[in-house]
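There are two complexes below, and they share chain A, which is joined by chain B in the first and by chain C in the second.
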Partner chain A sequence: MRSLMVIRTLAGNTVLELLRQKALLILIILGIIMAGGANFFSQFSFDTEQDFKFIKDFAVGILTLVGVLVAIIGVAQMLPAELESRTVLTILTKPVQRWEFLLGKFFGLCFLLACLTLAMALILSVVLYFQESARVAEINKSYEAAASQGHEINLEEKKAAIDGIRKQSRDARLISVLLLAYFKMVLTAALGLLISTIATSMMFTAIMTSLIYISGHLLATAREAWSNNEAVHSWLLKPLTALIMVVVPDLGSFNLIDEIVAGNPIPLEHTLGILNYAIFYTAVVLMAACLLFSSREL
Partner chain B sequence: MSDAKAEDYPIEIQSLRKTFPLRWRKGSVVAIDCLDLRVRRGEVFGLLGPNGSGKSTTLKVLLGLLRPTSGEARLFGESVASVTSRRRLGYLPESPYFYRFLTGEETLRFFGPLCGLHGAALRKRVDELLELVGLEHGRHRPLSGYSKGMLQRIGLAQALLHDPELLLLDEPTAGVDPIGSREMKDLILELKARGKTIVLSSHLLDQVEQVCDRVAILHLGKKILEGRISDLLTQQGKVCIIISDFREKSPLQVKTQLQSLGYKIEEIEPPKMTLEELFLKRVAESTSNAS
Partner chain C sequence: MVSNLLCHGGQITAIILLLCWGLVKIPIEKNIDDTQKELRFGGRIPISQDIRDKIGQGAAIGLLAGFRGFIANLLFIQAHEHWEKQEWTRMKSLLEVACTLQPRNIKFWELSAWHLAWNVSYAASINPNEPREAARLRAQREWIRAGRELLERGVQANPDTWHLWFQLGYLISQKQEKFAESAEYFKKAASFPEAPQYIRRLVGYDLRRAGKLWEAYQWWLEMWKLYPERKDDRIMMWPSVEREIRALEEELNIPAEQRIFPSAQDTSQSATQP
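And then the complex of A and B:
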């Protein structure tokens, strides 16, 4: 109970600290504006289905990019800044465990990322709603025009057209996509936190976290290369590839937006499987970070 | 250690040694070597020493920020490695390290839950402390606008938040003007009167002399002297006689009289006040004249 209070206090303060960083704030505002801008860019397409796919793909892409950048920049500044300004010393001279301090900082960042994801999800919903309303109004208008010219109206056809648009805009698969995009940010932040416990500079943390993030997206390629012995035969490359495959999380598997673009279904089991993987990986990474930070002399 | 002994000695350091490994080279630097120290309950203890003598390292070990290489350090009988050892401890860092965007009140409200305080009890304590350290006027001002003296005062307030029995003050008047320094000294004496045990690490020997009961001097990581201020500063076999209404021709007569009694007179001179006393007196006079 006491630990929860400590973590909550530290998390709340971390949110305030992060929001005071101009670079992060600009990034968040820019991301929100760009997500809203998906509506504008979709005007260049003439296919309803493609329009909706574009809006979703664009908005989720922006959300992931901004979210991951916020996670990397936020986590890179978090611990090194505390160590540099020595505020960590004042906090740790209180009856505060080092793991409580670290988790407080981490959950503060996670809260900010959750707010960002929710804000962008809300904007995406609004954009999709306006698109849906506009398309439905267009259909109604065209059928009304046809009726006024004396043409026979096929109500079944009209209903099917409207249902088709609603199916595109009210896509339940988006919940899975956004949820996994959020957990990808959380996992990236946890990896960054682990690095920052041994790093001495913000730049090192940011670069290493970015490299791991990129490696995490290339894991499928690495697996392919590993299974093909011809491609990975060097004495150095082989163990290195093996190490990356074991240590680096498969971040590419979190990208479910491709399934939406391809029009494939997203089974719930698949989402839950990746979610479990993300939670397990994050927990292990956080435990390692807490262990390393506890043994660090300040 | 028995509980009674632990309560009598809030700080106990035995054979403490702390070394720091050198990067890229073999060997290490010895920061503290074989330090034994016991601080009694209710006393003001001065930790003195030049830069690099091991004062800060000793404090950091006591605060659990550094691990001893060997030996042990205990707070109220508990190892400093345990977080619970810090429940009865308050610490004022040399340069208060706080979030500059928070106001004075917000700073105390932030540290409250970390010390186990919340709700109405925290609000009441915040009001009490802001009054105690004289910062009611700075309550809603961000710390970025605080002067050095105000920062020291908010630092002391956060150290006192959970009403700890033991206070570690690292250079509490560093960079503070003489008036602020005097106020801090008065606060330390007030806290002592309230029964707090205080460890004061400082370069300002005058201040240490005025407030401390006992001192230890560290040099190159070793304790070279420890004892009561009054014992250490008293020059055995010598006496100082202060005579009021002293006449001009008196020195010779006094000297002759005392010499006739077999005493050797080293010096006869009017008593002097310290520069600090003079400064404070004149500033107080000027303030009263202006008002």
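And then the complex of A and C:
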């Protein structure tokens, strides 16, 4: 219970610290404005379904981009800054365990990422609501015009058109998209934290986390190369590929987000499986980070 | 040595923990990968050198960072800009990449093939810069073929929905007039329970146009019996179906007693017989 209180206090403090950083704040505000800009994708009117897909894709893309940047920059500054300014020593002289300190910092960042995700989700909902209202009004208007010209109105057809628009704009599966995007950011932040426990500079943490993030999207290619003996045959390349496969998470599996946004049928178990994978991976990485930080000379 | 080990105990435990988890996670990731391949996810298609060359460096980095859907949309919009500028080859190449990046997006395939086989092929047929009619017609045929090839790839990526089977059949029927082939694709599309009913009619029309009269007749008969109530006249156009059956009964010389619509002559003959 005491540990929880300590972690909560540290997390709250971390959120304030992160918000005080102008670079992060500007990034977050920019991200929120850009998510609102998804509204302009309706200009490329190919068809209704495609327009909604563009809006969702753009908003989720911005959320992921900004979220991952906030996670990387936030985590890169968190620990090295404390170590450099020696404030970590002041905190640790109090009845605070090192793992509590680390988890407090991590959950503070996670809270900020959750707020960012919620803010963007809210903006996306508003954009989708406006688009829905505009399109439904358009349909009503066109049917009214047809009726005034004496044409026969098929009410079922009209209802189907409106239902089609509502199905696109009120897609409950967006919740799983947001959850997947959020846990992708959290996993990235955990990896960054792990690196920062052994790193001495912010730059190193940021660059290494970015590289792991990118290679995480190429892990499927590495796996295929590994299983194909002809592709990876050198004595150096083989163990290197194996090491990458062991260390780097498969972030490519989060591409599921694109498929959900595109409206493709995805089994719920599959989505839950990836969420479990991300949560479990984060937990293991956090444990390793706590162990590394506990044995680090400060 | 031992004290050193104890001092680094946390680090060693962390490394062992990460390695153990690394070994456990590989089969989990393999399992996720297999499921996604089974579901034909676009994200599991490797980014080839060819794709990287076509999209430029910025978009390639975006792809590497996991923004496939986002990049595919931007490429599609860019392709649309090239269409407006009548830069057909560049447009085709971007449409192909957008489809490759999101192969489960039916609309990408549909709209891309429509651009190539309808819009560009027509533009090629009236190209004012090409005075030779034969060259214009050849260019038109090539664009139609490009649209068809794209849809064939789309069908391979999405064999489990009726949309692209129908689109492929429609393109072949309307643009290449190979009715035997189009009828087969329409049949395939119609075999999906959620497919619109009017596709069944298209099978019958194209079988007749392909000269497969007996097959067309059998198809119409089956359809006639399948919908005894003959509702949804706006979609099914039953009078048109009736006309087809009547015409085929005449063309195939179906005996009067086996016809669904015996002709007036047959009826009068059977009435005069004792």
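Note that in this section the second predicted complex is superposed on the first by the 293 of 298 C-alpha atoms of A that agree within 3 Å, B and C clash if a C-alpha of one lies under 4 Å from a C-alpha of the other, contacts with A are read in each partner's own complex, and residues count from 1 in each chain.
In the analysis below, a contact is a pair of C-beta atoms (placed from the backbone, for glycine too) under 8 Å apart; a residue touches a chain by one contact, two chains touch by 3 or more.
Predicted model only: the values in this text are computed from it and were never measured.
**Q** Once the two structures are overlaid on chain A, check if chain B and chain C clash or fit side by side.
**A** When both complexes are placed onto chain A, chain B and chain C end up side by side without any clash.
**Q** Is A:Asn255 in contact with chain B, with chain C, with both, or with neither (first, second, both, neither)?
**A** second
**Q** If you stack the two complexes on chain A, which partner ends up touching A:Val60: first (chain B), second (chain C), both, or neither?
**A** second
**Q** Tell me the contact category for A:Thr93 with respect to chain B and chain C: first, second, both or neither.
**A** First partner only, chain B.
**Q** Does chain B (first) or chain C (second) touch A:Ser85, or do both, or does neither?
**A** first
**Q** What is the contact status of A:Tyr213 with respect to chain B (first) and chain C (second): first, second, both, or neither?
**A** Only chain C; A:Tyr213 stays clear of chain B.
**Q** Just chain B (first), just chain C (second), both, or neither: which does A:Leu298 touch?
**A** In the superposition, A:Leu298 touches chain B alone.
**Q** Between chain C and chain B, which one touches more residues of chain A when both complexes sit on the common chain A?
**A** Touching more residues of chain A than the other partner does is C.
**Q** If you stack the two complexes on chain A, which partner ends up touching A:Glu17: first (chain B), second (chain C), both, or neither?
**A** First partner only, chain B.
**Q** Looking at A:Val247, would you say it contacts chain B, chain C, both, or neither? Reply first, second, both or neither.
**A** A:Val247: touches chain C, not chain B.
**Q** Quick check on the superposed pair: does A:Arg2 touch chain B, chain C, both, or neither? Answer first, second, both or neither.
**A** First partner only.
**Q** Roughly what angle, nearest 10 degrees, sits at the C-alpha centre of chain A between those of chain B and chain C?
**A** 170
**Q** Nearest approach of chain B to chain C by C-alpha atoms in the superposition, in Å, rounded to an integer.
**A** Minimum over all C-alpha pairs of chain B and chain C: 8 Å.
**Q** Spell out the part of chain A that touches chain C in their complex, as residue ranges.
**A** 41, 44, 46-47, 49-50, 53-54, 57-58, 60-61, 64-65, 68, 213-214, 217-221, 223-224, 245-247, 249-259, 261-262, 264, 266-267, 270, 273-274, 277, 281, 284-285, 287-289, 291-292, 294-295
**Q** Touching residues of chain B toward chain A in the complex: what are they?
**A** 60, 63-67, 83-84, 86-87, 89, 91, 93, 95-99, 101, 110-111, 113-116, 118, 158
**Q** With touch defined as at the start, can you tell me which chain A residues reach chain B in the complex?
**A** That would be residues 2, 5-6, 8-10, 13, 16-17, 20, 85-97, 297-298 of chain A.
**Q** Spell out the part of chain C that touches chain A in their complex, as residue ranges.
**A** Going by the criterion above, the answer is residues 7-11, 13-15, 17-19, 21-23, 25-26, 28-30, 32-33, 35-36, 39, 41-44, 46, 64-70, 72-73, 77, 80, 102, 104-105, 107, 111.
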